[in-house]
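In the two complexes that follow, subunit A is the common piece, with subunit B as its partner first and subunit C second.
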Partner chain A sequence: MVFNSTPFVLFFVVVFFVYWFPLKRTTKAQNVFLLVASYFFYGYADWKMLPLLMVATAVFYFLGIGIGRSESEKKASWLRTLGVVLGVGLLLYFKYLNFFIESFANLFERIGLHTNWHSFNIIMPLGVSFFTFRLISYVLDVYNGEVEPTRDVVEFATYIAFFPCILSGPIDKPKFISQIHQKREFNYEQAVDGLRQILWGLFKKLVVADNCAVYVDQVFSSYTDQSGSALFFAAILCSFQVYADFSGYSDMAIGVGKLLGFSITRNFNNPFFALNVADFWRRWHMSLTSWITDYVFTPLNFQFRRWGKVGMIMAILINMVVVGLWHGANWTFVVFGLYHGLLFVPLVLSGAFMKKDQLRTNRIGLPALKDLGGMLLTFTLVSIGVIIFRAESIGQALEFFSRIFSVGFFSVGIAGAGIPRRTCLFVAIMLVIEWMQRNQEHGLVLKGVKSVFVRYVCYFGILSFVFMYGVFNETFVYFQF
Partner chain B sequence: MEKREIIERLTAIFCEIFSDNTLVLNDDMTAADVENWDSLTHMMMITKVEEVFGIRFKLRELNKLKNVGDLCQIIMDKLS
Partner chain C sequence: MKRFLINFGFFFAVLFATAWCLDKVMTDNLQHSNARVFNTYNVIYNDNLKCDVVIMGSSRGQVQYDPAILDSIIGLNCYNISVDGRCIDAQVTMYGFYCHHALKPKYVIQNIEWGTVLMSNGYEREQYLPYLNTDDMYEQTYKSEGFTWVDRWLPLIRYAGYHEVIKEGLGFKNNLNRPVMYKGFIPRDEIWDGSVFRQIDTLQFTYNPEAVEIFDSYLMRCQEEGVRVVLVYAPIYIGVTQKIGFGVQEMFDFYQSFADRYEMPILDYTYDSLCYDTNFFYNATHLNKTGAEIFTSKLAMDLRKLFAE
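Up next, the complex of A and B:
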């Protein structure tokens, strides 16, 4: 049940009215209802894994209470470690076990050792990367004193299974539980802003991402028959596709949260306006990078602090490999993470990593020339990474790269289908709006536009694009993670 | 070591790490009050504090720091 589907609209209309009308007065009843709705939402997608989600939630709930009650540091530390091992174990078993078995079997085979290892028939639960990260951060934050362990199992379970975020994030930190605990009043402004953000998300997902996907899928599936320019162009469009797909989903999730009175953490901040790769990762999938910064990078950076910049580079490389592997069990993701980690090295050595430059504009409101150069370079480097990200194997990624440069760049033209002009127009509209709205939370915050008429023209313009040019295929790139 | 002396040394560290010679420290000061104070410069500042005062922190101790006052207190505890 994805956000852009009829079942979800029906589901959410019922949730919205029951939540804000009969249950308006009691937060506890609202929370129980939200939990039931969240389990229904999850079960609708993957009912067989619902017991796993419930058991994991119960275990971590008691671990949190156990850590909070521990009188000795040793016991608290032990329970914290148990939580981390269980959380990581859950992820390793469902997501990475077969990958490790196959990788080691291949490695032994290459050095002449025959193994009888075979992979298991494991079905990966939907959203496992997202809910296990919430579970792990909970025990860590309770242990570190960042949050008090909650006694209310409904609040905790709702935080873990909160339906707008369970399948594809954003990954809110455990402080989000305080929002579930508080009484929520219906806020008209917040709800309307939620609707605007959903509309902006629909535009990015259905109009930009899914139209890009048509071209990108065609080129990637027949890349051996394509010209260098077509492959290069597909890599660029693929960057826009992944961004529009995932940030579109995040906007819809945040918008749905606003309609229910919640403030879900921001996930993207115009990453294509980043001036360097470090800046890019501060703007891309921010809830994941924030999570990994807190629980992986900072402890590593702390351990390696005596080694200065070398220590920082080591922490970044490990951190980025974890970011890469989080996306999936494939060596392509390891290389993707390592590639991005290596892009940080010159930034750390030059000191640019520490600087947070503000975007500068020229007299007509466009990016200053130097900043534009930084943006284009960053975008090109990111697009190269997207080829690794998208490829099914490292060999395929290498072949893709080599064909960009070895096959005549303009020999066959840009793909058999020609340049997807309409898709390019959609991407351009998205980029222009995001540039104009770069200091706003999302593309349709039109506070600066005083004319109501103009605002509604904008909303209906975007809405008509969604209905006229949207591709309603109901798949999201990040669901597989 | 007296708190006044700790604050003096901390001020010198903060000015160097956060590239701001006008910083005046007080107990309630937090990362939100200093422009360049983020997770990276925080770690650099902590490393410098360890070096200058000859002490070692645990990560969990750092996680509990809420402001400059807490940092002074933990330094005093470690030196006493």
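Up next, the complex of A and C:
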């Protein structure tokens, strides 16, 4: 039941009206209803894994209470460690076990030791990377005193299973529980903004991402027959595809949250306007990077502080490998993370790592030349990483790279994918709108627009694009993670 | 909340009204379109056809059976209702539409081949859109083509994403194909280039149980309604038959079992002299205009004898 499907629209209309009308007066009833709706949403996608989600939620709920009640630091620390081990273990088992078995078996084979290890037939629960991170951050934050352990199991379970975020994030921190606890009033401005954000997300997903996907899939599936320029162009479009797909989903999730009175964590802040790679990661999948910064990078950086910049580089490399590995159990993701980690090295050495430069514009509102250079360089580096991200194996990624430069760059290529001009236009429209709205939360913030007519022109204009050029295939790139 | 519901309701009302009007305009235009993908359905719907013979098949049916030649030799009114790129499920949908809107034929010439009794893969699904708001078309296609009640009942949504069709419906210039057609026949005046032949690695006769059921029901319906079906293996380049050997005997046995059950004749041109000369083909599996004319003439002569019996 993805956001751009009929079942979801029907589901949400029912949820919206029941939530704001019969249950309007009692927050507790609203929360119970949200929990039931969230479990229904999850069960609709993957009912077999629903008991796992429930049991994991119950275990972490009691762990939180246990940590809160602990009179000794030792016991609290022990319970926290148990929580982290259980959370990480859950991820390791469902997401990484086969990867480790196969990797070690291959390694032993290469050094001449025959193993009889077989991988298991494990089905990965949908959204496991997202809800596990919420579970882990809860026990850590309770232990660190960042949040009080909640006594209300419904509130906690709703935080873990909240339907707009359970399948693909954003990954809200445990402070989000306070929003579930508070009484929520319907806010007209927030709800309208939510609808606009959903519309903007639909445009990015259906028009930009899915049209890019048509070209990218074609080139990646026949990359041995393509010209160098087609491969290069596919890598660029693949960057836009992944961004528009995931940020489009996040916009829809945040918009749905706003309609229910919640303020969900922002996940993207115009990452293609980043001036360097560090800036890029402050703008890309922000809820994940924030999570990993808090729970992985900061403790590591603290541990390694006596080694100065070398320690910081080590912390960043480990951090980025974790980010890469979070995306999936494949060596390509490890290399993807490592590649991005290495891109931080010059920034750390030059001291530009922590600098947060403001974007400068020229007289006509376009980026200043120096900033434009930074953006283009960052985008190129990111697009190179996307090839590794998208490839099925490291060998395929290397072959893809080699073919970009070894096959005649400007030749037509056997498969002759050509240039998808219309898709380029959609990407350009998205970038122009995001540039104009770069200081807003999303591309369709219409705060200054008083005229109803102009607003309707915007809505109908976007709807027309979605209607004419949308690709309606109901798949999202980040569902696999 | 009241303000939100009023404003949203107003927006939705404007949206719905716009969609409804656009749907009316587009559907009407598309039902009169001469684009290839809609042409046959539109002729059946608008022209009150009264044909004695209909020709059914996929692209091989569409480009190889010339109704003009059949008309002149067998002296009956023929129409080619073959569906490009489609298997028996879509062909039977077309036949159902034909029977619903036109006079039932006396004869059906059914082109059969290695891929007839499979389920179609959604190729040119847009051909159904202008008629999807009718129970008849919706009932026939919702399972096989994946349409939902939303496509049936809500205005305009079924056209979403089909930008060339939308442009056609709104009267804008578009890239829909408009070949020369005569009574559903599309002659291909092209010469052999060998590319398809080189690309063919495997061409195996296979069938899908669901498609077999559809095929069986369709033949039973024809028998019950007194419509005589003639099964035809049209020519295919001999290199394909020799090089690959796509389970020819298995295919013959399969269709023979249906022919026996429903007492239908089979006309076989698999090893006809046409099959040995690439001058009559534009690719390995399709006859060109010249090949189609010769083949249809031969077929017409055989049909004349058959119908006279």
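The rule is simple: the second predicted complex is superposed on the first by the 476 of 481 C-alpha atoms of A that agree within 3 Å, B and C clash if a C-alpha of one lies under 4 Å from a C-alpha of the other, contacts with A are read in each partner's own complex, and residues count from 1 in each chain.
Criterion: a contact is a pair of C-beta atoms (placed from the backbone, for glycine too) under 8 Å apart; a residue touches a chain by one contact, two chains touch by 3 or more.
Not measured: the values here are computed from a predicted model.
Enquirer: Once chain A of both complexes is superposed, is A:6 in touch with subunit B (first), subunit C (second), both, or neither?
Expert: After superposition on chain A, A:6 lies in contact with subunit C alone.
Enquirer: In the superposed arrangement, does A:146 touch subunit B (first), subunit C (second), both or neither?
Expert: In the superposition, A:146 touches subunit B alone.
Enquirer: For A:471, using the defined touch cut-off, is the partner it touches subunit B, subunit C, both, or neither? Pick first, second, both or neither.
Expert: The second partner, subunit C, only.
Enquirer: State whether A:463 touches subunit B only (first), subunit C only (second), both chains, or neither.
Expert: Only subunit C; A:463 stays clear of subunit B.
Enquirer: Please indicate which partner A:179 is in contact with in the superposed arrangement: first for subunit B, second for subunit C, both, or neither.
Expert: neither
Enquirer: Per the contact definition in the header, classify A:70: touching subunit B only (first), subunit C only (second), both, or neither.
Expert: neither
Enquirer: Would you tell me which residues of subunit A are touching subunit C in their complex?
Expert: Contacts found on subunit A: 6, 20, 186, 188, 191-192, 195, 456, 459-460, 463, 466-472.
Enquirer: For the complex, which residues does subunit B have touching subunit A?
Expert: 36, 38-41, 43, 46-47, 59-60, 62-64
Enquirer: With touch defined as at the start, can you tell me which subunit A residues reach subunit B in the complex?
Expert: Residues 143-146, 293, 297-299, 301-302, 305-306, 312, 353-354, 356 of subunit A touch subunit B in their complex.
Enquirer: For subunit C, which residues are in contact with subunit A within the complex?
Expert: Subunit C residues touching subunit A: 1, 3-4, 7-8, 11, 14-15, 18, 148, 150, 156, 159-161, 163, 166.
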